[in-house]
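What follows is chain A paired twice: with chain B in the first complex and chain C in the second.
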Partner chain A sequence: MFKAALIALLLAAAIPTAHAQAPSRQEAPASGFNPTATEVKEQDLLNALSKVEGRISIPDTRAATLIQPAGQTWRDYRRGPLLWITAAIVLGMMALLTLFYLIRGRIRIEGGRGTRTVLRFGAFERFMHWVTAASWCVLAVSGLNIVAGSRVLLPLIGQDAFSTVSGWLKYSHNFLAFPFTSGVVLMLLVWVRHNIPNRMDLEWFRQGGGLFGHRHPHSRKFNGGQKAVFWIVVLGGGALAATGFTLMFPFYITDVTGMQLAQIAHGGVSLLMIGAMLGHIYIGSVGMEGALDAMNSGQVDRKWAAAHHDLWLAEVDAKSTPSGHPAE
Partner chain B sequence: MARVKFLCDADRCIDCNACVTACKNANEVPWGINRRRVVTINDGKPGERSVSMACMHCTDAPCAAVCPVDCFFTTADAVVLHSKDLCIGCGYCFYACPFGAPQYPKLGNFGSRGKMDKCTYCSGGPEGADGSAAEFAKYGANRMAEGKLPLCAEMCSTKALLAGDGEIIAQIYRERVLKRGYGSGAWGWQTAYKETVNV
Partner chain C sequence: MRVFLIAVTSMIAVAVGAYYGLNLIQKPADVAFAVSGARLDAPGQPGG
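Entry: the complex of A and B
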């Protein structure tokens, strides 16, 4: 009797010991009710919805998103591919333009500048171009600074100075978004009628825009390449404005996932536009004699106009002499 | 010292929000900002759980990786801190953070983002003297310098929220789960530390 009780006691004592030896097994709940049966599981939520959201009692309802692992994907894109894409587009385009300059040189006005000019862009056209262009330059530089400034500029000027500069660039990025957007809208309104693609543009592109050789394809006010620039600016600028204002007013339009996507789109479109605009800036300045006059004084050399925009020049001349007789 | 972490035992959390209040009071957190909050998952349904969440002080912290001005620092205890002198309030850390920790006081124009504020694990800021008035004004309390753990965990009424050496709090949680027989896991650990507490 006593022996049996002792054995039972020893057995009872041995059971917890057995549990202690296998700590990876959970005991049955002491209450008999197992809350695990119905419990919400983090991994299930992440698998099903890719984020965990719930109810929150503080006023800040955006804090109801508990876990969004997509942030890590966004981080991996930002510190990896984005840097390579940026370097490839910016440095690649600059190398390409340098190479083009070395091979083709400056595209001269054949036979040198003439003495007579013709008005190509009025004051308002030039104003809206330069408002857009100037704000775009600051936007591009401040945007590139956000992408790669900590690797390029920070080591040169140190952390405090870099932070101050970046702070001002952030403000300028926010403020200049407005003149940039206005400029794009104005250019759309004023220039869209000259920029409807047609058959002549195909011919222009087929001849390589006259970039190589000395032939000049026919063109009216804007040639095929300039129409491409126009649509890149209008559509690209529109996309940049849409995504940019989404980021500028956080949570007004979309949630954190939407802002991650908006940032990726904003950066991607910006880079394509930076590539295109480097080409535009090159050909409008050092790349071609006489081109900058169009946006500077607005008065271009008639010989330049005859070479690059022959049909436009004819239209202007026809308009200035309503009788139909040539002016000279 | 070791690697400090937070662990919220969701089977103990009763959504009392004392951690939220304690944090706001201890750190004099700016109006409208909650460094810690409690989120209830499946509210009102069977198996609902409440989780107290703040900055998890991640391994390979996404905020630090995406910061355009490199203003983040990791302390010897693996606490992720940021310098408000360097922060420009761009909002990138918020996009990257899996836990929604970074917040911005509405000071600036349009973007209305001032310098970012987040949980410091009650470790003050990365610069200046520990425990100074300037540090308190900018970052809040520096309890770690006084040898104390974050106040949210210290005063949790059900001891659901644990702070301290990651190994030790994981062991405490493991023992609890073994003892009571159930546990919904260490919320956020897989995302923050690429590991979870196996029981």
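Entry: the complex of A and C
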């Protein structure tokens, strides 16, 4: 009762529009305060108003906002559904990949490795890939700690250690956003011409990318799956940068409601990217023999290239000098 | 491997640059999330 009366006092003084939006309620006295306040229900008012605001005369207009009810919904989402969605995506994807590995095993190079290699990615391509990938790994881990660290890590390492670790991860999250964004921009500029979707990609997806058999669909430099990863990184990374920088500079770009929406979008896109990148990391390392060479030394086995990127290999050979060495 | 190490070193260099850049333009949380009429202690520094 005391709480209801206190809220009635607060709202009656601060929001003259509140009563106008609740016509069935008892009219308040001229003083603006109804001591009985039987008709004032806190939740009704919070549901009806996006913000509970008053009138102020100081320059800082943010001071007029007394209560922002959507913040409660946002907080409940972060404490509940977001944790379960995170667990479902991260653990679910890891379980799927483990199952795939147990069923399919490592995708080997047909007939084993050969003796000849071909340059697949130059030094600069590998550089921008690793800048983006290394930044993303730290951003993903630190982001997951923000969402679930207090439930997962804190019970394991204790408050003091968790506080220290979380502090460093939070700093890392802010500062590594810049190399990550730089890497995404570089990849967009350098690789976009190879990643324009076409009919060949549909056929690649129709055949399951050759993951489930010994036949491999035709492909140029990037196949359908790699193009999907590229656009997930570019569009997802762009969305993460936009929402992340919005959160990094509070109230510069949007108000508190906008920042809550930005945080929800940031978390949602991050989780989709984490799921996709787990698949990318798997197939680029333990899932496929010879794939990691492309980003390690840059030289891939010609038999691997012929199986997975036959049209690209033909293009490279066509550009080769008469001595047989790639023109690159 | 050499390219990977150069990439990680560059990543750290850009992050350090971001640290100094953000120190210049980013407001601390106790300022950014408080209105001008509010006075809050700096995080981790009671009474500061």
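As a working rule, the second predicted complex is superposed on the first by the 263 of 328 C-alpha atoms of A that agree within 3 Å, B and C clash if a C-alpha of one lies under 4 Å from a C-alpha of the other, contacts with A are read in each partner's own complex, and residues count from 1 in each chain.
Just so it is clear, contacts are C-beta pairs under 8 Å (C-beta built on N, C-alpha and C of every residue); 3 or more make two chains touch, one makes a residue touch a chain.
Please read these numbers as outputs of a predicted model, since none were measured by experiment.
Of the two partner chains placed around the shared chain by superposition, chain B is the only one that A:Phe162 touches, whereas chain C remains out of contact.
Set against each other, chain B and chain C differ in how many residues of chain A they touch, and the higher count belongs to B.
Look at A:Asp60: by the touch rule set out above, it reaches both chain B and chain C. In the superposition on chain A, contact is made by A:Ser135 with chain C only, not with chain B.
In the superposition on chain A, A:Phe249 contacts both chain B and chain C. With both structures placed on the common chain, the touch criterion links A:Asn145 to chain B but leaves chain C unconnected. Look at A:Gln43: by the touch rule set out above, it reaches chain B but stays clear of chain C. In the superposed pair of complexes, A:Pro179 makes contact with chain C only, with no contact to chain B. Of the two partner chains placed by the overlay, only chain C lies in contact with A:Phe127; chain B stays clear of it.
When both complexes are overlaid on chain A, the residue A:Asn296 reaches chain C alone and has no touch with chain B.
Residues 58, 60, 62-63, 171, 174-175, 248-250 of chain A contact both chain B in one complex and chain C in the other.
In the complex of the two chains, the chain C residues touching chain A come out as 1, 3-4, 6-8, 10-11, 14-19, 21-22, 25-27, 29, 32-33, 35-37.
Within the complex formed with chain B, the chain A residues making contact are 19, 23-24, 26-30, 34-43, 45-46, 52-58, 60, 62-72, 74-75, 78-79, 145-147, 149-150, 154, 159-160, 162-163, 166-167, 170-171, 174-175, 247-250, 256, 259-260, 263.
Contact residues of chain A toward chain C in the complex are 58-60, 62-63, 123, 126-131, 134-135, 171-172, 174-179, 182, 248-251, 296, 298.
Those residues of chain B whose C-beta lies close enough to touch chain A in the complex are 11, 15, 17, 20, 32, 34, 37-43, 46-49, 51, 53, 62, 65-71, 85-92, 94-100, 108-113, 174, 177-185, 187-188, 190-191, 198-199.
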